[in-house]
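The structures come next, written out as structure tokens.
There are two complexes below, and they share chain A, which is joined by chain B in the first and by chain C in the second.
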Partner chain A sequence: MKIRNNFIKENITGYLFILPQMIVFLAFLVYPILEGIRLSMYRINYQNERFVGLDNYVSLFNDPVFFKALMNTVIFVVFIVILTVGFALFVASAVFDKNAKYVSFIRGSYYIPVMVSMVVMSMIWSFLLNPANGLISYFAKDMGMGTFNLLGNKTTVLPIIIFVTFATNVGQAIILYIAAMIGVPKDLFEAAEIDGANRWQVIRKILIPSVSSTTVYISIINIIAVLKIFVVIQLLTGGGPNNSSVTLMYYLYNNAFKYNQLGTASAVGVIMFVITLVLSVPQLRSIIKAK
Partner chain B sequence: MKRKRLLATVAALALMISVISGCSGSGDKSSTADSSDKNKVNITVWLTPQWKGVLDASEKGADYDSFFKYAAQKFKAQYKKYDANVKVEVIAADQRDQLLNVNLSGGTPPDIFFESIFPMGDYVHRGAMVPIDDIIDEKAKSDIAQSYWDASTFGGKTYFYPFEHNPGTLVYNADMFKAAGLEKYVGKENEIKTWSLDEYQEILDGLKNDLPKDKYSNAYPMGLFALNNQGDTWNLAYLRMFGNKFFDDQGNVILNDQNGAKAAAWLKKIYDGGYTNPGAESVSSNDTNAMFQNQQLAISFTNPVLFNNSKISMKDGKSPKFDIRLANIPSESGDPLAFTYVVGASVFQSGDAKRVEVAKDFVKFFSSDPELVKSSKNGIPVRSSVVKQFEGTNPLFAAYDADSKYMFNFTGSVPGYSQLREVLYPALQALYTGEESPEEVVEDYQKNANRVIGENKKNSIIFNP
Partner chain C sequence: MTQVKNKKKMEKFDVISNAVIILFAVLNLFPLYWLFTSSLKNSSDVVKMPPDWWPKTFTLSNYVDIFRDQPALRWAFNSLYVSGISTILVIVFGSMAAYAFSKIDFKFKNIIYIIFISSLMIPKEIMIVPLFRIIQDFGMVNSYSGMIWPNVAAAFGVFLLKGFFDSTPNALREAARIDGAGEWKTFTRIMLPIVKPGLGALFILNFVQVWNDYLWQLVVGQDKSMKTLMVGTATLMQDLNPNFAYKMAGATVAAIPMLIIFLLFQRYFTSGMTAGAVKE
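Our next item is the complex of A and B:
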């Protein structure tokens, strides 16, 4: 009993200090997750809720649009994350050891799109790509290429969205990589130089392994961000043509806010949560192990 | 050491208490304010953009909320039951369902919503609204035609107080018609011209082939759109062109027949034939409206509000001036396809009896006050007394009236109409992109639409009283 009292006395201050944060964490993160899981098993009206077990999940798996959304989301995650990590590594490794002013300029240039709202970016792209009166269509027609509709074509709509999202987000990854690469001990590069390693060998054998924890971090935040991709879909394609660009988040939004199917929307949310968990846990474990 | 720990513990407790008290502080404050003045009742009116100004858009500083702000002032001045405050908020039409669903789920719906009835019927089916039969008197019933009350009635109870209506028609650029040598198809200034389907094809041919390119570069005969659900009633009308009735008596979609497939094939034919703007699958009704105003389209869609706004924009020099006139949507039978959006106020169930009472009183006030109902002239008034007052100055009222016998109920009053709208434009996108044939489109659409209707019937308080 005395030992227990001592333990409480010793640690109570620490627990009290983290208590406010824990309350916020429990109220705004844990509770919504548990409530989402509960709601996914109910049919909800404005006036009442009715327990329906796994019916919402069954109706989801019977809906071809849900599978389209799932597939599109996976495609977006894979391509956007690979493009972001690859391009950011390329840019960062090319400039990190250059003149400080030049590095700042590159960082600033790539970071500006990150600061611009996704809504604004989507509207600009929409203006450019509108098939009836957009700038790209206008020039294409002027040059005798006829009219083409990149957003209305099943095969081009996904690459366009991937490019727009990648171009808007890549600045963040470049900033993180440059910061991580500047922090790599200089003696490693000097040793490599003495050993006669070329630039590619330096990048492959020293830089990439040294910034692996940054790579994991960038991958995780991008996976989570892309899983939630929504604004660009809503403003650029509305999920079209014929649901070709619908994503899980857009599907969830439609169910929750347009159709008022809160149970179905919660079921989509739970599935997204599980996917995020499955994708993130191995990478988080690798960071923890490395530390 | 002990003292240090004590200080730290106190600091942590203080921090925690300040967080907790910070959270609860605002709640205490508001409840005090509520209890201090029991006769004060605050209600909120939401509306989607309808018309600018109190009486019309020519007033100085005219905006979409001008009418309700003025009506609220007038109401407050004469209202004796409570000290009523009316807050007016204009909501973008494409944000309506999102905002309403979020606020209804959070228990904070608006008290009154002023909007076309067609997208609001879902909220009646879901039990979010209160019937307003108790505020409708005999005088109103005799002044407003039965068809408008029918559109406002669900399961035998009235949920909307009709104010005006907005018939949907086509609008055309008469100057472009004349430039293409199509003078004989131009109607009179105050006429809603009816063309047969063959005549319409001749018009499209003339506009496509004979429009002078130097004067109208980058212009197309007709506007077509399927990006989202905005303006989809015109698309629904086109699908009825060859005689399909769209709904059966049980409220199920019956588009999948020969006439439905023929209509879908007609849309595909004019799209592929270059008679419409390109990229209809990615173009919104707003885009085509803008293109029409910029004289890039010769024929587009309109309703009286859009039509008046276009005329005012031209008069004020905000958009290019040209001769705009109205036409009906043609059909194979020769009878025009006509529909109207009945616009009116509805009262949401806030759970607060006082607020519901004030909301109903306010709805009755602005929907029947002789001065305020004059504003319904911005659309087409539902009150025959107002039509009589203005038919001399607005000859189009008679033309719209002549169309009333061709009106069809485009919603079928089915539950889940909002969700039903979300399956139409993907089907049209599949049609325009060639992903599906016209036959496949109507078949898939009917299957998806009836699934939506079936699901929503389960939750409807009208179908499950």
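Our next item is the complex of A and C:
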């Protein structure tokens, strides 16, 4: 009897402890997801909702701007993630075994832009890139390249956004890599040294494989962060010129809060939700396995 | 064995790499230098070509203008309030749940935990339409609670703190129980103090994340007085005042609090972020 009572008590206590988090989780995460899926099948006009089945999705796939947004988002994800992982690996592998002061200096100087936020960094870059009186335009003129309007030009606007986002956010990946590399057992390096391996071989054969789980983690959090890229678009280009830098998140926001197309916006949200879910599977699996 | 002979010389490859890295680090900080010095120039010097690399005349008038023309202090307070309360709630709810998942045996706990953490990667922004309608239904548009609650929903705190609770010995909890302490007392008096480093890391990470959040706060805080610092500062980009130095002063005001936090709590960032990453 006593044991049974204890068992029930333990169960009740357990549920009481998770209750507050559970309520917020259900109300502000699970419910919005379900509601978003429902809304994506409706045409919504203020209080009027009319069921339209998959019409919103059909019209999305007939909208060239949506395709542009999808393509741009994919381009951003691919280039920014590759640049971030590549550069962070390069930085971390070169500095992780140096003295602590130096490591902390490097870590700090690359992480400060992350801290001051994308909003502030976007504002600075918009000033630097301003065609009339930005520093970068000044250098361009100085070197005889004529007037420079990198953000107003269809061919340069994407590389610029890729660069700005990468330069602002790479610090996080650097911190994670340095921490992971410091944790690699020392005897591995000593063994390699005895075998006469040079630094490049040590990095390639020991260091990079040892931090592969960090690489997976960094890739996933960055893919998901870039997937919802918004601030830099709103502040630097407004999606322009002529929709050439529009992204999924920016498209969603405009449909929802500018054109009042809530059904369409929800459909974009659902598509992004599915993409996120698929992408996070490997990470989830490793968390569950680690238990 | 004369292993410990002369200290190994750095290889050429290593020297070049580090030189490149330092160069990039300096270049990476340059925009911030330019931000700060530009904010101290007057409206004609800031757009002067060729530029003054260091302000010729210093002026604080841009800062005076920011605080006079914009409710910048109010924005800063809004940011502080929203980030602070969100973070406290994340810590309270998250630590309770994390403790239960780590130490208490209850039915379906593994399944519930997996459902919780599968939400980790889902950004709230993609559900912005239904979320906004919920906030509307609750009458929370233009309110702090409208900005705060969605930040508490994600299970990041649960995930991070569970790792810390898992590494505490079970015997500790059992001993407290035998001494007659109830579950709540065991949790608050014995277990929470042990995971303090985890709470610190979570506090910093979450605070900064909410502080630098943008889209959700943009949507919820529509009145000028309800904007947070990031959203309010971003409106300076569309401001009628064409003075670039004024905009840069606003951006500096937005940048400074987080710079200070980072310099003060640098080690927590490293420990918190790595606790979030999974190692095999």
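As a working rule, the second predicted complex is superposed on the first by the 263 of 291 C-alpha atoms of A that agree within 3 Å, B and C clash if a C-alpha of one lies under 4 Å from a C-alpha of the other, contacts with A are read in each partner's own complex, and residues count from 1 in each chain.
Here, a contact is a pair of C-beta atoms (placed from the backbone, for glycine too) under 8 Å apart; a residue touches a chain by one contact, two chains touch by 3 or more.
All of these numbers come straight from a predicted model, not from anything done at the bench.
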Applying the document's definition of touch, where does A:254 land relative to chain B and chain C: first, second, both, or neither? first
Check the residue A:286 against both partner chains and state whether it touches chain B (first), chain C (second), both, or neither. second
According to the stated criteria, A:13 is in contact with first (chain B), second (chain C), both, or neither; which is it? both
Mind working out whether A:235 is in touch with chain B, chain C, both or neither, as first, second, both or neither? second
Could you tell me if A:189 is touching chain B, chain C, both of them or neither one (first, second, both, neither)? neither
One more residue to check, A:149. First (chain B), second (chain C), both or neither? first
Which of the two partners, first being chain B and second being chain C, lies in contact with A:133: first, second, both, or neither? both
Touch test for A:163: chain B only (first), chain C only (second), both, or neither? neither
For A:104, is the partner it touches chain B (first), chain C (second), both, or none of the two (neither)? second
Looking at chain A, which partner touches more of its residues: chain C or chain B? C
State which residues of chain A lie in both footprints, the one left by chain B and the one left by chain C. 13, 17, 20, 130, 132-133, 138, 141, 256-257, 262
Touching residues on chain A, where the partner in the complex is chain B: 9, 12-13, 16-17, 19-20, 23, 43, 45-47, 129-133, 137-138, 141, 147, 149, 151-154, 237-243, 254, 256-260, 262
Chain A-facing residues of chain C, complex: 11, 13-14, 17-18, 21-22, 24-26, 28-29, 31-32, 34-35, 38, 47, 49-51, 89, 92-94, 96-97, 99-101, 104-107, 109-110, 112, 114, 116-134, 149-150, 152-155, 158-159, 183, 187, 208, 211-212, 214-215, 219, 230, 233-234, 236-237, 244, 247-248, 250-251, 254-255, 258-259, 261-263, 266, 269-270, 273-274, 277-280
Chain A to chain C touching residues, read off their complex: 10-11, 13-15, 17-18, 20-22, 24-25, 27-33, 35-36, 39, 90-91, 94-95, 98, 104-113, 115-121, 123-128, 130, 132-133, 135, 138, 141-142, 167, 172, 175-176, 179-180, 183, 198-200, 213-214, 217, 220-221, 224, 227-228, 230-231, 234-235, 249, 252-253, 256-257, 262, 265-266, 269, 272-273, 276-277, 279-280, 283-284, 286-288, 290-291
Within the complex, which stretch of chain B touches chain A? 5, 8-9, 12-13, 15-16, 19, 97-98, 101-102, 104-105, 122, 126-128, 218, 226-228, 277-279, 281-283, 287-288, 290-291, 294, 296, 416, 418-419, 422, 425-427, 429-430, 432-433, 435-436, 459
